[in-house]
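Both complexes shown next keep subunit A, but they swap its partner, so subunit B is in the first and subunit C is in the second.
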Partner chain A sequence: MPALFILIPLAAVLLVNLPLRRLLTPAAFWLGLLLALAQAAAAVLVPDHAWIAPLGVATRLLRFTPTADLLTRVALLTIGLVGATALMVARAWTADPERRFRFANLALLALAGMNGVALASDLFSLYVFLEVTAVSAFILIAFGGERDALEGTFKYILLSAAASVLILAAVALLFVVAGSVSFGALHDVVPAAGRDPLVAAALVLLLAGLFIKSGIVPFHGWLPDAYSAAPAPASVLLAGIVTKTTGVYILMRAVTAVFTLDATVRALLLAGGTLSVLIGAFAALGQRDMKRMLAYSSISQVGYIILGLGAGSILGVAGALFHFFNHAVFKSLLFVNAAAVEQQAGTRDMDRLGGVAERMPVTGTTSVIGFLSCAGIPPLAGFWSKLVVILALWQAGERGYAAVAVLASLVTIAYFLSMQRRVFFGKLAEGLAGLREANPWLLVPACLLAAVTVGVGVGPWVLDILQLPAGSLP
Partner chain B sequence: MTQMLMNLTILLPLAAGLAVFGLRRQRQEGLAAGVTLLVTAVTAAAAARLFGQEALVHHPWGGFGAAYALRLYPFSAFILLCASGFGVLIALFSTAFMKGRRHAAPYYAWFLLTLGMVNGAALADNLILLLVFWEGLLLTLFGMIAVGQPGAFRTAVKAFVISGVADLCMMAGVILTIRLAGTATISAIHLQTGGLASLAFGLLMIGAAAKAGAMPFHSWIPDAAMDAPLPFMALVPAALEKLLGIYFLARVSLDLYQLQPGSRLSTVLMIVGCVTILLAVMMALVQKDYKRLLSFHAISQVGYMILGVGTAVPAGIVGGVFHMINHAMYKSCLFLTGGSVEKQAGTTDLAKLGGLGRAMPVTFACFVVAAASISGVPPFNGFFSKELVYDGALERGMPFYLAALLGSFLTAASFLKLGHAAFVDAPRDVRPAAVREAPWPMLVPMVVIAGLCVLFGVHNALPLRGLVQPALGGRVEGLDFAGWPHGMILVIATVLVLAAALAHHLWGAGRGGSGLAAADHIHHAPAIGTVYAWAERRLLDPYEIGLRLVAAASRALWAVDRAIDFFYDTVIVRLTQGVSALARAAHTGSHALYLVWVLAGLAVMALYVARGGI
Partner chain C sequence: MSFDLQSALLLAGLLAAGVWTVMTADLLRSAIGLAVTSAVLTLALFLLGAPLAAVFEISVCAGLITVVFVSTISLTKPWGVEAALSHKQVRLRRFAFLPLLLFAAMLLLRSHAPHLDLVAPPPAHPVQDVREALWIDRRLDLVGQILIILAGVFGVVVLFKTRDAARQEKKP
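This part shows the complex of A and B:
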């Protein structure tokens, strides 16, 4: 059954690119949207026993065994939600059916790649799907063909190439040590390998590669440029899910399924997390470009996820997973809002905006929800996940890191308040007299994601659902 | 039955007061006055019925030793009787005086609440219950002043703040006393002074003395005399607060704590008494307004009571308590004569009055009796109580006696001036021919009280044996102070001083050309005149000094607050901006630099792992 999450998007990509594609041009968008929403629904609704039902044919096609634990299901849900959002934003972003088709095409490919990452049960398949996703992401960033976009893509390709080398080298080293790259085999050998220098080298290489992919400071240089230069729907996809899946998710997998969260791993995670939280937040504070601020904010928030992992406890992993989901939701929401503002006002420069909420009430309101959630204000979703991360750090005895996490929240509030004040509140800026509310294709995902953020925050059962997958980890 | 009546004297006025608050409209004023008169009469009847009995009421209430406990015994019955008596007389006076004034209905409401609270405080046998009533009086004090002249609110706030500060001290004293004694039941507390107990005693003294209006808690009284409705002055500062304050002072220094003659605390009390007598009477001497002059005497006379009780010798204590009831009567009467002058002549400014004696003979007669009483002219009541205080003071030391005697001289001089200026002098602005005698509801209380002043003097065995000595109980067991003073030398000295005051007044009046100017040579004397000028500019008012201190403290705190604000608004913000600018500057957009960062990060991680091993 899990194999279907990979095969169906792949089949869809093939289908829309058949020679008869002229007929299917408009269908690609709807197909992608349908698949993404169906995936999100399936991740929640399909009962547990169906996930392990083997589908012989499908599995043989793949030549590896996709497995889906609860961690995977959270990732699939997130991928579905954000993928659907990105497609809807694309619908509003361009009226040209050809461009829309190409975007949907790439999005479907990215969907297949990310699902593969989520479902992979060995390191090498993981690496392959990572590259599938990355390639579609490169093209998505450069989609518009502007100079900025090309520059952003270039930096992303450059650092991703480094990451690929590092990850591939690590996979090779681990294959040497264990004779296999499946998670099960690695987990039997690697922790027991103890002080083997090969394993140590593999650890450093793998972590560094994944840090680049996740945008952890100081491996994050590509991220602000790529996020802010990409066209609106691409930045939603990229910021919301692509880097999360290809970086953070694999990191979570790797440190739990391959390595163990021992003192060394934790120290590296905590250091990277803290640097990201602080530098991301302070850099965000100084930005004028709305998307750039959101990009630095992403660095900072990913830092929280990594800090949660670094706590090393089940509670910490649960917090990291919870924040992974919440961050995808509220950051996508904020990027959707940024897309709406950019499209209606024609600029992302916060100094030239102002009073936008007056004319764009839905965008203004949902952005407030998104920023409050990101800043960790109760009872929104972001509050709970940050709380769990901070509690986990405290319980693990990492009081200093917990304090940093709390203080950085203040900076988060500061830069988001600054954004809200400059963009949405106050008097309408000059030259915006004709401003109108955005296209419904931007409002629907914004409302949907805001509802998810509020619902997850208000519904206390969510934490239990997310703590279960963490508990199921080895 | 007795218990029911005790509750009635408290709850009936309180309930009626709350009900009268409902009467807002002007035409319901008559109804409010009628209700007040009726309720005060019923309360007075109940108090009279209770007199001579003893009873306890006890209902547990709350925790921490708080209980609704009342105790009727000779002293509280005495206070209850006096308070209720003044209540009914002044209610009668008010019906005529307040007619057609603004805020008449709320005035009556506050009046009734005050009476209920005073009765409650007098009967309370639990310190916490006492505090409840005591603080209730703080509220009614504010209310009664605030319903006066349009500018009275400021004075009401002043009275509230001064009394509030004193009440806070008393609250602290009560807490300390409860802690020391282990009980809140007043009749069960008997402590020795010393150490913490002295502190508690001092705090309670502050509460009691402030309630009675002693210095330095006095300065709202002269202001209230000008701003508050006049019957309030006759009722509260002149009568009820003196009764309550001195009652509590006597209870604290005789029952709760055993004040010993010759102890330091006793000396402190006597000094407070003497200072209050002299400073306040000096101020009274130079006043040019009927009510304001009286108000300073209301302060000055407290000094005699505190001096008397503070001596801690039987003659002094009896004198102090006797002076309390005497003062309540004559000062009430004097304020009522002032009210009748204000109502009939339209002003109390002595520079406009004059020659009213012929137009208002009854008022004048009452004034003469009450003024003679306060000056200590034999055989009026004030003479006998002052003689007892002199006796006690002399036993403790000549300076106290001389201070008290000098106070007497100045009191007599100022009342000679007041009477001369208002009633005898040649008419000034107000034409006596146009002024008529006050209506009967105002005359009756004056005449009754003046009559009692004479009765308590001529037949002083009645109050002394019937009220004061039983009230003080064991402390004066077996002694009898009724009758003519036994120290003939003291009497002669008093008479000589009074004669000197008369001679001084005649000399001064001749020199200044009128009764009003009789004290001008003191007012404008070198040195003293400067001090008077300061006092008139309120430079010596403790409240004003306190306000200036508070203002200075708040300015200092404001500076601290600015500093904290500076830290958060400037230091932190600049720091954050600096770090943010650094972070921004580091991201140059150069892919080469970013690759260098990656390599550096990788190197650090590798070094860390290599050094630590896995």
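This part shows the complex of A and C:
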């Protein structure tokens, strides 16, 4: 069953490119949307035994044993949800069926790549699917063909290539140590190797590579340009899930399945997480471009995930995983809102906007939900995940880091209040008299994501569900 | 760490092809340089007993990536002679230290870690045949490779369509 998450998107791409283009061009969008939604539903509804039994025809065909623990399922759920959102935004972004067709194809390839990352059971396969996702992402950022988009793509390609070299070098060193790249073999050998210089070198290389891919400070230089220059649907996909799967998810998998969360690993994670939380938040305060502000906010929020991992406990990993999901949802929501404002008002410059909520009430209301969740205001989803991360840090004796996480939340409130005041509240800005509510293809995903944010926040049972994946880790 | 003459020559060739790729101001020559670098690396991998890595290297890097680069380059305007020369000089000044850094790193490694063994232990189930490795042992990675090729193809299509759209807009 898990192998289908890779094979079906691949088959869909091949199917819609058969020589019946007039019929298949519109089908690509609907097929992509259906698959992404079906994936999200399957991640929640398919019973446990169907994931565990590696006897499916597709799995035998590919001859691999997938990693299909609950951590994988949370990743697949998030990928499906954000993938569907990006496709709906693409529907509103362009009326050209050809462009929509090409976007749907690339989104399906990115979906297959990210699913491969989530399901991989060895480091080399994980690297291969990481590259599938990265190549699709490069093209998605450059999709519009504008100068800024090409510049953003170029920066992302350069830093991503450097990250790939570091990750591949780490994989090679671990292969030398363990004679295998499978998670199982590495977990048996690597922690026992102790202070072996090759293991230490592999750890540093892998963390550096994954920090670049995650946009962790000080390796974040590419991220604001890529997020803000990409076309709206690509921004949603990139900010919502691509960097999280290719960076943060692999980091979670690596530090739990390959390395142990010992003092050195924790110190590196806590340092990177703290720098990101603080620098991302303060940089967001000074932005005028709405998408650029959200990009810096992403750097800060990913810092919380890394801090959760750095706590080094089951509770910390649960908090990191919970914030991974929540951040994907509320940040996708905020990027959908930014796309709606840009499309209707014709600008993302927050100093030229104002009073938008008066004419775009659905966009305004959902953006408030996204902002409150991101700032960690109860009872929304973001509050619970930040609380779990801070509690985990406190319990681990890292009280200074816990205090930094709390204080940075205040800065988050400050930059989001500033955004709300400049964009949505107050008097309607000059030149916006004819402003109208956004396209339904932007309102539907915004309402869906806002509902998930509220639903996860008010449903305390979610904590149990996300505690389980952490408990299932080796 | 021991170097035989064959490995040393291949490494020198690899370095020379790599430097040429980076230093040449003509994008097309640079793409060809990258393909040559990949070809030398493939040879080195074969000789070092890693045929699977060699097959991936030749198929993805020397094949697909070169096609993608050459297609992309066809979308760009070539530089004039003076601009190309000035670019080369800037690049020479900026990166002249890199070969020295590499040489220093090699000396440091040889003096401080003379017994560093970077040879992997033999696998539990040695693969006798590249075909077996590619089509049976690493079938999932082959699917990944197909996905990368498809993404590359779509990349070229998107770039060409973007160029065509820009040309259409420029027409009066």
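As a convention for this text, the second predicted complex is superposed on the first by the 466 of 474 C-alpha atoms of A that agree within 3 Å, B and C clash if a C-alpha of one lies under 4 Å from a C-alpha of the other, contacts with A are read in each partner's own complex, and residues count from 1 in each chain.
The rule we apply is simple: contacts are C-beta pairs under 8 Å (C-beta built on N, C-alpha and C of every residue); 3 or more make two chains touch, one makes a residue touch a chain.
None of these values were measured; they are calculated from a predicted model.
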item	value
When subunit B and subunit C are modelled together on subunit A, clash or fit	fit
First, second, both or neither for A:A283, with subunit B first and subunit C second	first
Which superposed partner A:D262 touches (first subunit B, second subunit C, both, neither)	first
Partner chain in contact with A:V368 - subunit B first, subunit C second, else both or neither	neither
First (subunit B), second (subunit C), both or neither touched by A:L203	first
Subunit B, subunit C and vertex subunit A (Cα centres) - angle in steps of 10°	150
Partner chain(s) touched by A:F64 [first = subunit B, second = subunit C, both, neither]	second
Which superposed partner A:L428 touches (first subunit B, second subunit C, both, neither)	neither
Touched partner set for A:G221, first subunit B, second subunit C, both or neither	first
First (subunit B), second (subunit C), both or neither touched by A:V444	neither
Closest approach of subunit C to subunit B (Cα atoms, Å)	11
Subunit A-facing residues of subunit C, complex	113, 117-124, 136-141, 143-148, 150-152, 154-155, 157-159, 161-163, 165-166
Complex contacts: residues of subunit A adjacent to subunit C	6-7, 10, 13, 61-64, 98, 102, 105-106, 109, 112-113, 116, 120, 124-125, 128-129, 131-132, 135-136, 138-139, 142-145, 173, 175-176, 179-180, 197
Residue ranges of subunit B in contact with subunit A within the complex	576-577, 579-584, 586-587, 589, 591, 593-595, 597-598, 600-602, 605-606, 608-610, 612-614
Complex interface listing, subunit A residues touching subunit B	151, 154-155, 158-159, 162, 166, 194-196, 199-201, 203-204, 207-208, 211-212, 218-219, 221-222, 224-225, 262-264, 267-268, 279, 282-283, 285-287, 411, 414
